[in-house]
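Take a look at the structures below.
Okay, so subunit A shows up in both of these, paired with subunit B first and subunit C after.
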Partner chain A sequence: MLGFIVRRLLSGVLLLFVITTLAYFLVFFTVDGVAYRLLGDSATQSDILAKNHELGLDRPFFARYWDWLTAAIHGDFGTSWFNNERIIDALANRLPVTVTVVGIAILISAILAVVLGMAAAIKGGWIDRLVQLLAIAGFAVPAFVIAVISVTIFAITLSLLPATGWVPITEDPVGWLLSLILPTFALVIATVASSAQQIRSAIKNVYERDWVRTLRSRGIAEKEILFKHVLRAAAPSGLTVLSLQFVGMLGGSVIIESIFALPGMGQYAVTATGAGDTPVVMGVVVFTVVVVIVVNLVVDLINGWLNPKVRVK
Partner chain B sequence: MKHSKRIAASVAALAVAAVGLTGIAPAQAANKTDLVIGAVAEPTTWDPIGANIGHFIPYYQAVYDNLILRAPDGSYKPNLATKWQVADDSKSMTIDLRSGVKFTDGAAFNADAAKANLDAYIGGVGPYTAKLSGTTVSVVDSDTIKLTMSTPNPEIVYWLATTGSFMASPNVLKTAGLKTKPVGSGPYILDSATVGSQYVFKANPSYWDKSKQKFSKITIKFLSDATARLNALLGGQVDAAYLTAGTVAAAKSKGKTLYSNSRAVDYKGIVVFDRNGNKNPALGDVRVRQAMNYAIDRAALAKAVEVNAEPTTQIFSPAGTAYKKSLDNYYKFDLAKAKSLMAAAGYADGFTLNLNNWVEPNLNALVESYLKAINIKVNWVQDTNWYPNAKAGKFEAIIMSIFQGTDLVTAETATAKDGSWNCLKYESPAMKKAWAALSQSGTANQVKVQTANMNQIAVEEAWFVPFYRVLHYVATSNRVKTVVQAQNAVPYLYNYAPTGK
Partner chain C sequence: MSAATSVNRQGLFARLIRNPLGIVTLSYLLIVVLVAILAPVIAPMDPLLTDPASIMTPPDGIHLLGTDSAGRDVLSRLIFGAQATLIAAVIVVVVAIVVGVPSGLLAGYYAGKFDAIASWLSNMIMALPAMIVLLAVRTALGPSIYLIMTVFGVIIAPGFFRLTRSAVMGVRNELYVDAARVSGLSDMRIISKHIFTVVRAPIIIQSAMISGIAISIQSGLEFLGLGDTTLISWGTMINDGFRNIFVAPILVLWPSLIISLTIGAFALLGNAIRDGFLFRTLVLDTLRAMAV
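After this line comes the complex of A and B, so read on.
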């Protein structure tokens, strides 16, 4: 198991290096005019040159990349060119917002998807048809549409929930919970149905295997077959689906954070990318890749624990 | 049965919990000793060197005082300067300073502090630091300073009343800490800042002018998304918000008080850079540029894209003296005249015009159709860096919304050979003559005469194809009122006041 973890961690580090190098390369060759954006319309050419020099934008690619890489290895991601905030502080403030919203959404989605998927696979009938219908609806109606509709109904028309904003849990636990409901709701509704459909298929697939029939013929209780054997065998597919949903939600949070004005990673990344704030973009890339690697590692570990064949591979 | 009961109980419990939770109304800005503003932008730095106008200036006004105050109507009032005198030749200025003012770290505001601030600003690199370049500051006595300009600066008072004189404690000037933590003498103190989210200011207990402290606490929420700002206003999370044309109607229909800034701030239109015709020979012919002006139905365009925008064919602001009412309608929509000008210029069959792919697809579609009527085919250049590339001279023309500053700022940026919006350095004989006349003597009167002259020349020679002046909208709840500010997209912070409701 230790070798398995080490192999996964090493491949994660390699992936991180490749993605960040590629990202730096892309940012370097596409971002332009930072000094103009910082100094505005009235800035003179000498002001622009001075600002470019101050930010090191007049230096060659490899010099800038090397400086960034060596500093990043030491945990120094620099400061934003646009608001002078330390990247590490900014990420420490924003990552919890995104991870909380996405984490709670994925947790609720997972519970609902497993319950619905199991019911559809085992009971069949109207509930199966309903899950399949909801799955199609889930694909057809994106999270932002649900977000906009729910804001209009629950925040503006009924004034029951806040339309925008984020309240830290340390400041006001009830306010925190209220600020979470609508964004989480939008993400859950958009993902639960499709997850349930995938889990239904995985359970159904296992449920119809010969070895399950053999277990049943040996007189083992249906409940035991389901919870002890079928769920365990179907879990890897379900976990993979949920981990993909998690990564998808991280991307989808960009729009949700924008609609609800949540100070999370998504909004931070969009603002920084639009402005050409390279240190911020790189900081976001590093932390997002790390989160994705960690999630995949955890899923791999669980899969390895559930299925020894994975460890051998 | 047992299971059903359990499920029913769970559902009921969830429902009760949901009702209990949602029964608690979201934090409303009920106590109007507070003010919550939904803003489009957030400051890039708290160092006064980086101070900017427009959406940024209210942040700086919270924590810093400037020497001169600009009233909503554009007139100038004493602030940290009690009185001032600009020499007739606009090459020097004497300023008397207020006594007894202290910064929040206890440092005294005096002539030395004012000089240290102005020296730091003049020597720094910021959005408007160039407007004071060449100025030297000398201390006359403990509460008097004198500014000496290397060349006439007839708009020195404007700059000192906007971005050029926010006073920070001399103890923190030129320190890295000033970028993230302001120390000023302003009506409020920055209490907490969550960059990208919100800034909370509490009243400065030892502030010298209590009339500027109408709220005990001010929160500025950074809501870059227009719909999020509208929702925050309608949902009661903010008392005031800047609106876009697309969100004005919704705010109005929900009973919010709407303030439209008729003191022109920006104009939108085509800025033709290649008047020499080096990139696109057709644009070098004044008749072609005039034809483009005649081909645009500005009234229809404004109605389709904006809310109450003011059609115009000039780029100078009505807030200044260079503006002429008659130039708002110099090129009346006349397709026949446009076609005859195109034919006279030898372009009856048209040409291809390269424009940046502007952010409003509806505006782009209409402009394309108007120009197509005179056989000009628009090629929308897909370039995410079009702004810096335009500044670097890579575009022949762009569609843009441009700030209408003071007369001299507009003239300098748009009509001077090295102007930041004259990206291909065009200079016509008439404009060159006007600039020569202005350069001989930069007195306020000369600025008045020559900027009006430059406006006339730019319109007659069709340097631009302006569409309209864009109105800016701010809406407030019934608990707060405000006053629009001359030449600024949003009201100054001092303009907000509680209504008592």
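After this line comes the complex of A and C, so read on.
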């Protein structure tokens, strides 16, 4: 098991290095217009040269990349081009917001999806058809559309909930809870049915195995077969579904945070992208990749614990 | 599976239009395509014409669906918005097929090193939240939605890669492929003539689903104001409506409705085609997570 963990960790670090390097090449390869964009139309040639020197953009690309990499390893992502805020501090302030929203959403989504998926796989009939129908509906209506429509209905027409904004839990726990309802609702609705659908397929797949028939023929109770054998065998696929869903939600939170004016990483990234604040975008990419790798690592470890075969491979 | 595919080959379209779901979704999408092409002819007004005298007016005889925050005709903008949406979907699907299918065929057929590298790359791409990657791309390449959608085609290509690869691996050692090899056919010919037929149907189904995802991503970026602001698109219309949600909430309704109907039509079409081919695999799997 220890060897398995070390192997996974190393491959995670390698992945992080490859992705961030590619991202750095993508966003920093051409920096010609940067100083002009920051200074505006009135900038003279010497202003631009001075700004480029100040940002270090007049240095060779690989020297810049090396500096960035060595600093990033020490947890320093530089400062924003626009307000000189340290990016690592901004990210540290914003990560909890994103993690709270996505974490609550994935938790609710997972519970509902497992219950619905099990019901659809075991009972079949109308629940099964309902889950399939909802999966298509969830596919058809993007999360931001659900968010916009739910703001219109619950916040504006019925005035039950706050439309946008974020209340820290330390200031007002009730307000915090209320400000979370609509964003998590939008993320859950967009994902729950398709997870349920996939968990249903995973459970059905296991039910079709020969060994389940053997268990039945030995007279073991249906309940015991389900809880002791089938669910355990279906758990790895279910976990993979949920981890993919989590990554999807991280992407979805980009739009959701912007709609609800939540001060999370996604909203930070959107603002920075719109302004052309490249170091900030780069910082968000690194943070996101780290979160994704950690989640995948945890899922791999749980899968390895559930299924010894995975550990050997 | 290969036998079923060849039997169904001639009949796919016929089967599709006999299936009520198939005919409804196909007709709807055909109408959207026609509306996009004929937009300059059928739009009742100039979609860019602003009218300060009638801002956010409710539907009336002149503006059938009312006007937006700049006094532009909502119906005409919906009609022109179909163009950007469909172009985005076509770009994504074409790029994803061009990248994903040949690499999947080669990886599945030859296995070995190429497969190892391609699979690693594909897993890496699939592990990332597409939206964050697209923000980085937008930062690097600027606000061209078509350029961004081209990159999204590459990001979603693993969907085709995995599909093609596993289908090819399934038939690689079938007797008929061995027979083709023994009779001296070149690898290229075996892959293009005998193996490609196996994956054609799943590719069509996958394309329908990916079109839906492409529309979701494109309208999402336009909604955030990160696309082309000069372009008329459904996402920009929702953005405009959302800014004025307290004044005229109806403005978000039309583009939301049309986006959802169009994505839903692609998803249902994919499922209708699957039924026509008697496939039991659900195509929503794995892909949905990338769209959110």
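By definition in this document, the second predicted complex is superposed on the first by the 309 of 313 C-alpha atoms of A that agree within 3 Å, B and C clash if a C-alpha of one lies under 4 Å from a C-alpha of the other, contacts with A are read in each partner's own complex, and residues count from 1 in each chain.
Following the convention adopted for this analysis, a contact is a pair of C-beta atoms (placed from the backbone, for glycine too) under 8 Å apart; a residue touches a chain by one contact, two chains touch by 3 or more.
This structure is a prediction, so every number in the text was calculated from the model and none was measured.
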{"item": "Clash-or-fit label for the pair subunit B, subunit C on subunit A", "value": "clash"}
{"item": "Partner chain(s) touched by A:Ala235 [first = subunit B, second = subunit C, both, neither]", "value": "neither"}
{"item": "Subunit B versus subunit C as contact partner of A:Val141, first or second or both or neither", "value": "second"}
{"item": "Which of subunit B and subunit C A:Ser159 touches, first, second, both or neither", "value": "first"}
{"item": "Contacts of A:Thr191 with subunit B and subunit C, given as first, second, both or neither", "value": "second"}
{"item": "Contacts of A:Glu85 with subunit B and subunit C, given as first, second, both or neither", "value": "first"}
{"item": "Subunit B versus subunit C as contact partner of A:Lys51, first or second or both or neither", "value": "first"}
{"item": "First (subunit B), second (subunit C), both or neither touched by A:Ile259", "value": "both"}
{"item": "A:Ala121 touches, of subunit B and subunit C: first, second, both or neither?", "value": "neither"}
{"item": "Which of subunit B and subunit C A:Leu95 touches, first, second, both or neither", "value": "neither"}
{"item": "Touching both subunit B and subunit C, residues of subunit A", "value": "30, 148, 151, 156, 163, 258-259"}
{"item": "Contacting residues of subunit A [partner subunit B, same complex]", "value": "30-33, 36-45, 47, 50-51, 54, 80, 82-85, 90, 93-94, 148, 151, 154-156, 159-167, 174-175, 177-178, 181, 258-261, 263, 267-268, 271"}
{"item": "Contact footprint of subunit A on subunit B as seen in their complex", "value": "21-27, 42-45, 52, 125-131, 179-180, 194-197, 221, 223-225, 227-228, 231-232, 234-237, 254, 384-385, 387-389, 391, 402-403, 405, 409, 413, 418, 420-421"}
{"item": "Touching residues on subunit C, where the partner in the complex is subunit A", "value": "124, 127-133, 135-140, 209, 212, 216, 219-220, 223-226, 238, 241-242, 245-246, 249, 252, 256, 259-261, 263-264, 267-268, 271, 282, 284-286, 288-292"}
{"item": "Residues of subunit A defined as touching subunit C within the complex", "value": "15, 18-19, 23, 26-27, 29-30, 135-145, 148-149, 151-152, 156-157, 163, 187, 190-191, 194, 197-198, 201, 244-245, 247-252, 254-255, 258-259, 266, 269-270, 272-274, 276, 278, 281-282, 284-285, 288-289, 292-293, 296"}
